[in-house]
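Attaching a single structure in structure tokens format; questions to follow.
Each chain gets a letter, A, B and C, in the order it is written, and its residues are counted from 1.
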Amino acid sequence: MAGAAGFTLADLAKALQARLEGDPARVVTGVATLDRATPAEISFVTHPRYRDAARASRAGAFLASDDVGDLPAPSLRCAAPQRALIELLRLFYPPPTVTPGVDPTAVVARGARVDPTAAIGPLTVVEDGATIGAGVRLHALVYVGQGAEIGAESVLYPHVTVRDGVRLGRRVIVHPGAVLGADGFSYVLDDGRHRKIPQVGRVVIEDDVEIGANAAVDRAMLGDTVIRRGTKVDNLVQIAHNCEVGEDCVIAAQVGIAGSSRIGRGVVLAGQVGVADHLTIGDGVTAAAQTGIHNDIEPGQTIWGTPARPAFQTKRIAVAESQLPELVRRVRALERAVDALTRARGSSTPADGDDGS
Amino acid sequence: MAGAAGFTLADLAKALQARLEGDPARVVTGVATLDRATPAEISFVTHPRYRDAARASRAGAFLASDDVGDLPAPSLRCAAPQRALIELLRLFYPPPTVTPGVDPTAVVARGARVDPTAAIGPLTVVEDGATIGAGVRLHALVYVGQGAEIGAESVLYPHVTVRDGVRLGRRVIVHPGAVLGADGFSYVLDDGRHRKIPQVGRVVIEDDVEIGANAAVDRAMLGDTVIRRGTKVDNLVQIAHNCEVGEDCVIAAQVGIAGSSRIGRGVVLAGQVGVADHLTIGDGVTAAAQTGIHNDIEPGQTIWGTPARPAFQTKRIAVAESQLPELVRRVRALERAVDALTRARGSSTPADGDDGS
Amino acid sequence: MAGAAGFTLADLAKALQARLEGDPARVVTGVATLDRATPAEISFVTHPRYRDAARASRAGAFLASDDVGDLPAPSLRCAAPQRALIELLRLFYPPPTVTPGVDPTAVVARGARVDPTAAIGPLTVVEDGATIGAGVRLHALVYVGQGAEIGAESVLYPHVTVRDGVRLGRRVIVHPGAVLGADGFSYVLDDGRHRKIPQVGRVVIEDDVEIGANAAVDRAMLGDTVIRRGTKVDNLVQIAHNCEVGEDCVIAAQVGIAGSSRIGRGVVLAGQVGVADHLTIGDGVTAAAQTGIHNDIEPGQTIWGTPARPAFQTKRIAVAESQLPELVRRVRALERAVDALTRARGSSTPADGDDGS
């Protein structure tokens, strides 16, 4: 799938604003990881820790950070190689050009407003009153409910569900099977039975958010469930009704956030983390995988474990836990020794002193 | 999306069977949470703990329980404000009226029986021998397999899959992307390879059950996987083959229940709980978030942790765990002190006594 | 759904290569579990531990292992009853015969190659350049992206998404709602914002793999995410970009495997296990439910807990944990006793010795 004829290193150096070490006329026809690259391909070394792998690589050229030492082939050097890598991948794998228009098999309600630059795929359904912005791409088999709004340049992959009234900002990406705006899980216990509370709020997804495959973001009971600008949500994540997730967060796969919790800005929740309801997680918090959060967390904390504790503390507890069975034995031995010492002293002071405390 | 002209408080008091404190002619045009309500809107105070928030609210009226004190605006008082809230929301957000009939783009097999009062949305597929009951609503892009039965008044949202032979009761709600009746995960190890056991059973969902977005309920190998009346299942839940979940349970998001387990009546499993296979969880059990259940649980227990223990015990362990690294140090100090005491006594009795035990 | 007229035990003995104890002319019309079987049905006893349940069963015949003792009805005996059960179920529930061809409502791009023996269901989308092999069955509402390849005899259930360039082997089964080839979750932090790295790799699923309902297998950034021959993946599993899962693994429901990890051959991950990124899990490893794996695991280990430890060790820690609150009290009592002993000795050596360490 790579670019047809390839690029010279001179071309690439210019495009990536990189400094070239080596032959500017050398041509590379693809990009590959260090272990797979052939002499016809360029690879990348984004960190000095990959230097040995780079030296063993057969790649014909490298994109590398300035602080990586000598390499066995011509190198494009730059200060931020990961950003340059994004450009490199775009050069070799240009995004598909999409033809605007509505596929004849799509079902678009007469009352929906579809920008003429949007592309609506086969068998996609857009309900009445929905708005599809400029340059939006709805893939095949997408569902957009009544009155929903899809902001400009957003991409919705197959089998996405956007229920009624949900609002997506610009450049939002929603991966296959994700569900935005299902009812919140909210009942009143009435004589032993659970009566459903109507879920009449919305979901608001701001600009540049990405939502993973088969993730679910529930609508609010009243008001909005909100995911703020730039936040990235991985596959199979659950975000419950009335939550608010701040800007630039990273919510990894299978995380669950219960109802009405507020996640600050720049928070990182690693895989399978659980957040209980009605909590406040401060800006910049990082939670390690599988952490179970049952209390508010102050900004800037790095936490781990269930119950969630500062990560260094959970690590120390984990180390001590390994010694726990042995510790039980040592305490038993101490008890015997103290008992013997006490008995050896006769029936005098120590035991009395103990009883009195 | 609120009711057009609004309601007088007199109207609302009558509809909700509430006692009005204040001007019966005041009109409210919407309902909103305490922090967002404007003077034109009514808000709600379902518990005395929200009294301070209520006093700070700009709401023009309140729905409140009798035991909430004075409020800064006219109040509709009642004993069960949460139930009244359901009615209030229905008044302002009446459920959509649905036109019966089969959308011309739906694909309904000739041998399917569709009640004339049912509504089948665009691009929905109903296979041969399926039965769609009275007043059922199948949204767009739903799949109903061969011989499946959808009970009266049930609602299936977009991208739901109901596989062949699955039976849903009345008033069942299935949220987008949920899968009912996929094959159970069941293999025979044969010479190092896993051979699939045919999964020829069904799924039976009783009346008034709700199934969350992207949840999965697997069909039985033989016989039925059953979810009994009134149980509510949240998003991304996994219920494996041959499980039986009792009446009026609450199964929160991302819970997983392994094969052939039986969950009693009125059980509450909080988010991300795991239940191993072939277990029996008694009636009325409550399991806190992320609990890992590996053994049968007696009725009425409140459990937490992995392995699951009575919650008060896991809490005490969690407290003690915090002290564990310190405890290791204290035991080391004790060992030194006892050693010194023993040595101070000479090579006499205590050590001997210890050796002998 | 069972076979119409039933089978004689003589027929079944021959088909299953079993030894018949009892009347060869007896007819059974269905197969059922021990507790549900009627005298007209055959049941199965795959292990001696079910002998009591078998003796209480009303079944008219049994399929049983040789080492199960006397049974109350005629028995088909064999050495590997679970394998024979697979055959028995296939006799009573023969797989549906599928008529090849493309449903007129399917949307198949002109540039797609569909084998004439394949069956494409209603409202299924096959994009340009995709290849659908011999005997493949795509159910209704399936999506197959550009250039994807579906190997012979594979079955894709409704609402499956196979994105562009994904390659499936032969006899692969993909359950409803599964997503193969969504973008990996991979960003560069650039001035506080997360910039998306293009995900231009593929997913490769080898022969005889099964993927559960609503599971997600992400495409590689570059190169391939690979699931090798014979591996079975349950519902709601997350397999991240650039992972490689070996042959004949069992990955239970709701497991999450983070980016670039390598899972060996014959590995068993029980429900809700989490595997961090860039790890190597050796061949034959078994991880108990909810285990959190943060380090490489040597081949053949059985592990449990978070952090993952050898299972016997986590079990011993769990037992010791139960005693932890009591242990804290015992250490406090010891400290008092030692303090009393030390004080009783006067202001002499032991305490000084302790202070000095």
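The rule we apply is simple: a contact is a pair of C-beta atoms (placed from the backbone, for glycine too) under 8 Å apart; a residue touches a chain by one contact, two chains touch by 3 or more.
Only a predicted model underlies this, so the values are computations on that prediction, with no experimental measurement involved.
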{"item": "Same-residue or different-residue interface between subunit B and subunit C, half as cut-off", "value": "different"}
{"item": "Equivalent-chain rotation between subunit B and subunit A, CA atoms, steps of 5 degrees", "value": "120"}
{"item": "Length of the line joining the C-alpha centres of subunit B and subunit C, rounded to whole Å", "value": "24"}
{"item": "Multi-partner residues of subunit B (each touching 2 or more other chains)", "value": "123, 141, 159, 177, 214, 236, 254, 272, 290, 306, 321, 324, 327, 331, 334, 338, 341"}
{"item": "Subunit B - residues contacting subunit A, complex", "value": "1, 31-33, 36, 80, 82-83, 85-86, 89-90, 92-93, 95, 103, 105, 121-123, 139-141, 157-159, 173, 175-177, 208, 210, 212-214, 230, 232, 234-236, 248, 250, 252-254, 266, 271-272, 289-290, 305-306, 318, 321-322, 324-325, 327-328, 331, 334-335, 338, 341-342, 345, 348-351, 353-354, 357"}
{"item": "Subunit B residues within the subunit C interface of the complex", "value": "107, 123, 125, 127, 141, 143, 145, 147, 159, 161, 163, 165, 177, 179, 182-183, 185, 187-188, 190, 192-198, 200, 214-216, 218, 222-223, 236, 238, 240, 254, 256, 258, 272, 274, 276, 290, 292, 294, 306-307, 309, 313, 316-317, 319-321, 323-324, 327, 330-331, 333-334, 336-338, 340-341, 344"}
